[in-house]
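Across the two complexes that follow, chain A remains constant while its partner is chain B and subsequently chain C.
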Partner chain A sequence: MQQPKRWARLKNWETLMFIILCVVVVGNLRLSEHYLDLNNLANIFHLSIEKSLVVLIMAFVIINGEIDLSVASVMGLAATVLAERYEAGWPIAAGFAMALVVGLVCGLLNGLFAAYMGIPSLIVTLAGSIGYRGVARILLEDNSVGDFPNWFTSLGQDGLIGPFPATIFVFLALFILGFVILQYSVFGRYVYAIGNNRAAAEYAGINAKQVKLTIFMASGLIAALAGAFYAARLGNVRANAAEGFELDIITIVLLGGVSIFGGTGTMIGVGLSLLVVLNLRNGMSLSNVDGNTQTSVIGILLILSVLVPNLFQLLQRLLPRVFSTISGFTNKGGAPEPKSQVSIHQ
Partner chain B sequence: MNKIRRWVPLQRLREFSLVIILIIVVLIFGNQIDNYYTPRTFNRISSTVALITLVAVGQTLVVLTRNVDLSVGSVVGFTAYYVGRYVSKNEDISPVMLAALAMSIGAGMGLINGLLVAYGRIPAIVVTLGTMAIYRGVLVEYSDSKSVATRQLPDWIKELPQESILKYGEYELRALPAIALVAAIIFFFLLLYTSFGRRLYAIGSSPEAANLAGIRAPRMVTLAFTLCGAMAGLGGMLYLARFGTITVDAARGMELQVVAAVVVGGVNILGGSGTVLGAMLGAILIGTIEQSLIRMNINEFWKDALLGLCIIIAVSVDRILINQLTPWWSRTELQRMPEEHHAAA
Partner chain C sequence: MRKLQLLMVALVLLTLTGGLVQAQDDPEPIVAEPGIELNMVLLPKTLGNAVFDEAHEGAIEAHEELENPGELIFNAPTPDNAIPGQIEIIEASITQEVDAIMISANDYEQLLPSTTKAMEDDITVVTWDSPVAPEGEDLFIAQVDFTEVGSVMADMALSILGEDGGQFAILSATPDASNQNAWIEAMQALLEEDEMYANLELVDIVYGNDDPDDSYNEALGLVDSYPDLELIMAPTTVGIAAAAKAMQDEELCGEIAVSGLGLPSEMQEFVENGCSQEFALWSFKDLGYLTYYVSYLLASGAMEAEEGVVFEAGRMGEYTIEADPNREEGLRVLMGPFSVYNAENLEEWAAEEE
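For the complex of A and B:
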């Protein structure tokens, strides 16, 4: 894989995403006349703001060649900690800080086991997703905590400028920050380098373990922030908060052109695919499609997002051969033999 | 000592240590819970273990080839529902036919996973995360959000969990654990002594070497996924027999327990090593912890947290211990050689 080729592919991918986005938007416009209402536009983002936040850091995690399945549980745990501390009489700001600390600790644990002990992150975060959810269950058991002070719920529910609540602006700020860090900072280049070839990156003097640990901790922190926002938006917390969110989050990242093997993908692509998925869900909601069916559609999208590029590659490889047979060339050293690739883990 | 090292492979040692951990866990629970050592406890634990074992055995095949199947929970849920609906309409279907139906539905779902992974060249985690949602969605659409109730089922399936195959005093081996045990034994020998099994190990150890050796990896991987789906399908039927009432949420989250059992049982998530015996021991450990915690009443909510902790401890201890032990364990091979030369001379 040479550098220019990959950039060409990425550009293609982003254009493709943009076209799909246009199709979805046009489809939604035809579906409902209320689609362009300012309230609906705010809703598109508002109802999935927590997922969108975590998508940003998940892009870092996957480009770095790891995966974090525990984000949904960290979100739930953070929301639970906030609610439990509030019930115990703490001011909500202190509970919020506590939730962020807990998220950071979860990320630290993930990072220590995955980066420093060398256990595959799939297993570490799978265990984490069970364990952190379990801690949330211990804290809240079967109870539901609500009655947060007004200022806190209005943070997540009421519009700050027009119908757009404050959380959306937090997301925008983080998106720009994430974009700059990933595309234009040394750290961002490290993330790509490690994801592309960890051994090479380490020989080049990059402290891969440290970078991975930082990313896992950031992942925990942002997931906790998203969990707190979730509590603010719903005004009510149960131990199963945010259950199953990881599917949407990972789908959006992979659909954005990020390779699950790491090393490729851009923030712009992820942003576009975020818009595609959110608009798609919104369109399905407008036409009264059941939530579980929506999730199935997301699942199909997830598989297609990897299958389609694979088919493209296959075509690219086959086409020169077809041409060469037609023009009568014997293909010696022309198109490379397809490298047999057994499904690689992760 | 050298003799032990020579005759006991590292894998056996791992399984042996799992047995010791299991005994310790049982002793701790026995200390904490009154009337723990009773046939009733044994039966409850063994039914839970049976379900996890069945699905974990199939999962082992998939994990051996460097893949993972996260859709098993949805497959178990769907087959449990479908079979329940089917048997409530056709009450006279024979048990064997019903099991065949359940297994073929599961196999079909596993085949889809396998084809996408092996021929579509999509990472297993992406495929099965997707199909986990898709199969669950299919179940919701198919069921119209209605559930299967116990009273709709024919008597034989309701009585299946109480059926005892072997009896020793008050202790009995009931039908569900017996089925799981038979499946585990079949797959144990399948993996260790057939060319299919050895090929799965070869693919997991080194895909390139397997390819050079002429193993058609895509075909084997597809087969592994299909078998995994079939076992999950059979698990679905037993799930129906055990719980009777099946909602659209049936077996949600079961994939976590199953993957946990496989990993705790010492099957390497990076492929190429591990045995069905280990996966079964992992399932027994997890089932025992789960059911015993439920017995302790107050701490039911601790179940998930402890399960997560259990996995991470098992994996890290394994990583440290095996990393430390491997050189020491195999060094004797080298050391022994001069001794034998000496003896020969």
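For the complex of A and C:
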């Protein structure tokens, strides 16, 4: 019955994601001769860079046992504020800063209502999502604002090193920062502890409200940064910017093995899932697969990712001996686990 | 002797330049050479819209006619992902090194970074149905001149009501639909300016929000409010079909005519039973066909996107590239004219469809 620990670790969620990633990459290599073009490699990240950025902070939010449905609206509002201020004659850098402040304020509001007043974050951020988008629409109405200075648009469009634009390096830096904070810092351990069992964490002296508020504010800030990058990439802003992005973002986080109930998941898993989704989408685009099919494929992947581990768990219960050897998938991360299995990942 | 020689040289020069001037006035149209391998992408606004499928049919027709051994790729984003989706498809097309992209744009400006990048990579970018800003495209294939819609509607009203005229009302889409409003304004301006239309009396403009039920009820409302009403003019495919249905259900078809912009497939039954005598629309199939021809000519290098260039687009005949009056420094090919449908040609249309 006892498995060697190393073997168990190999069969965890990250390994599954890694295998899927390899399959996708090999498939892409076979399907398109252009897959490895440097420009295409840049495009894989570049065309979804805004979503990718927000995925990083969404992992924190969900592991902490919360949800933030307002991120796409904050992205849109930040882009709108930046554009509106620029049109009003502010330098673009000041508009950029203002957009970040607005993002922080949105996050502060979400955090105050969700963490300090105890309203479920699903409701708070759903309301935020409607409200922030509404403000964006009031600011810009049906207009579009563009003609930003070159340095700003080139931030989102032109290659900094080769074809890779600056925004990709910002993402890499934030990924490493997120990884270190979540897996190796005290704050990261608090995030898991609260997500696993908030009451227990509070008994242990962790200020859960403060941690949650911090995460919501960071979520607002990163979403605003992503919104500004979106404005730079498209070179033009409308009030409907980034509409609907939150679903893709949450999908990637859940596919990365983060439990929707909080407490489990790792930054590596989320990073791998991001690579899987981006490469899958890119491969399908290069094979001219239409948008409806692309969405379905990602949807099926998500369903399977929740279903397969649960199925293993069920079979494991029914046939303990036979399946004890292949039960590894369920042991770490992945599917929603019973809350009693408290385990603080490092 | 010297003088004579000079005179002759001058004469020769004159005839030569004269010939040149004449050549510019009436140039030979550029004709496409079939069989050139070009990979081309047809990128409409969204998936699942009947008119874009018709445009696709037209493009396929041209693709086969020109015996292009390359690929004709048809792809579009889902409606919830319209702009980022179009950008992704444009970028993937650049990566695949296609020769031409034909776009019905979801946004006038936000696609520019991608379409300009495509043009820098020597990809022909032609827009149709809905353009991008001129710097991001080679040219735009305009279905009809939007001011022309007003005159087509006025002419149909005149032909239905006759010179003695009568009362008519407009059933439009939404109050803030910019297309419809521009068309109605153009029509109103024409009614005021031109003596020819002096007896046509526009009594009301109502809005059915491009919703079949709303449009149906608004049409009935018009009948109740204006006992002398003789015609409902609907510049929207949803409105015209709903109004015709309403007149049919109320058995008013002989008394109140229905006209406007309609899809032949939806209007056929109403023309057959006399509820609508005449309606108009541009053909999306022709739009797709013409777009393909222009893109093929540009991508194969047979033609440059310059004002005044004349070319032949297969069965559709000769067209000229002209300055776009609606967009500064923009170029367009104006497809036009409207197809006006009535009982006679609708039969032909139906026969062709089968």
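In the analysis below, the second predicted complex is superposed on the first by the 307 of 346 C-alpha atoms of A that agree within 3 Å, B and C clash if a C-alpha of one lies under 4 Å from a C-alpha of the other, contacts with A are read in each partner's own complex, and residues count from 1 in each chain.
Following the convention adopted for this analysis, a contact is a pair of C-beta atoms (placed from the backbone, for glycine too) under 8 Å apart; a residue touches a chain by one contact, two chains touch by 3 or more.
Keep in mind that what you see is a predicted model, and the values were worked out from it rather than measured.
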item	value
Superposition on chain A - do chain B and chain C clash or fit	clash
Partner chain in contact with A:295 - chain B first, chain C second, else both or neither	both
Touched partner set for A:146, first chain B, second chain C, both or neither	second
Which superposed partner A:25 touches (first chain B, second chain C, both, neither)	neither
Touching partner for A:138 - first (chain B), second (chain C), both, neither	first
Contacts of A:119 with chain B and chain C, given as first, second, both or neither	first
Partner chain(s) touched by A:254 [first = chain B, second = chain C, both, neither]	first
Superposition-derived comparison: chain B or chain C, residues of chain A touched	B
First (chain B), second (chain C), both or neither touched by A:127	first
Residues on chain A lying within both footprints (that of chain B and that of chain C)	290, 292, 295
Chain A - residues contacting chain C, complex	32, 34, 37, 39-40, 43, 47, 144, 146, 153, 157, 233-236, 238, 243-244, 281-282, 285-286, 288, 290-292, 295
Touching residues on chain B, where the partner in the complex is chain A	65-68, 116-118, 120-127, 129-134, 136-138, 140-141, 203, 207, 210-211, 217-218, 221, 248, 256, 259-260, 263, 269-271, 301-309, 311-312, 315-316, 319-320
Contact footprint of chain B on chain A as seen in their complex	67, 113, 117-120, 122-124, 126-135, 137-138, 141, 247, 250-251, 254, 260-261, 290, 292-293, 295-303, 306-307, 310, 340-346
Residue numbers on chain C that touch chain A, as the complex places them	47-48, 73, 75-78, 80-81, 83-85, 87-89, 91-92, 94-97, 107-110, 112-113
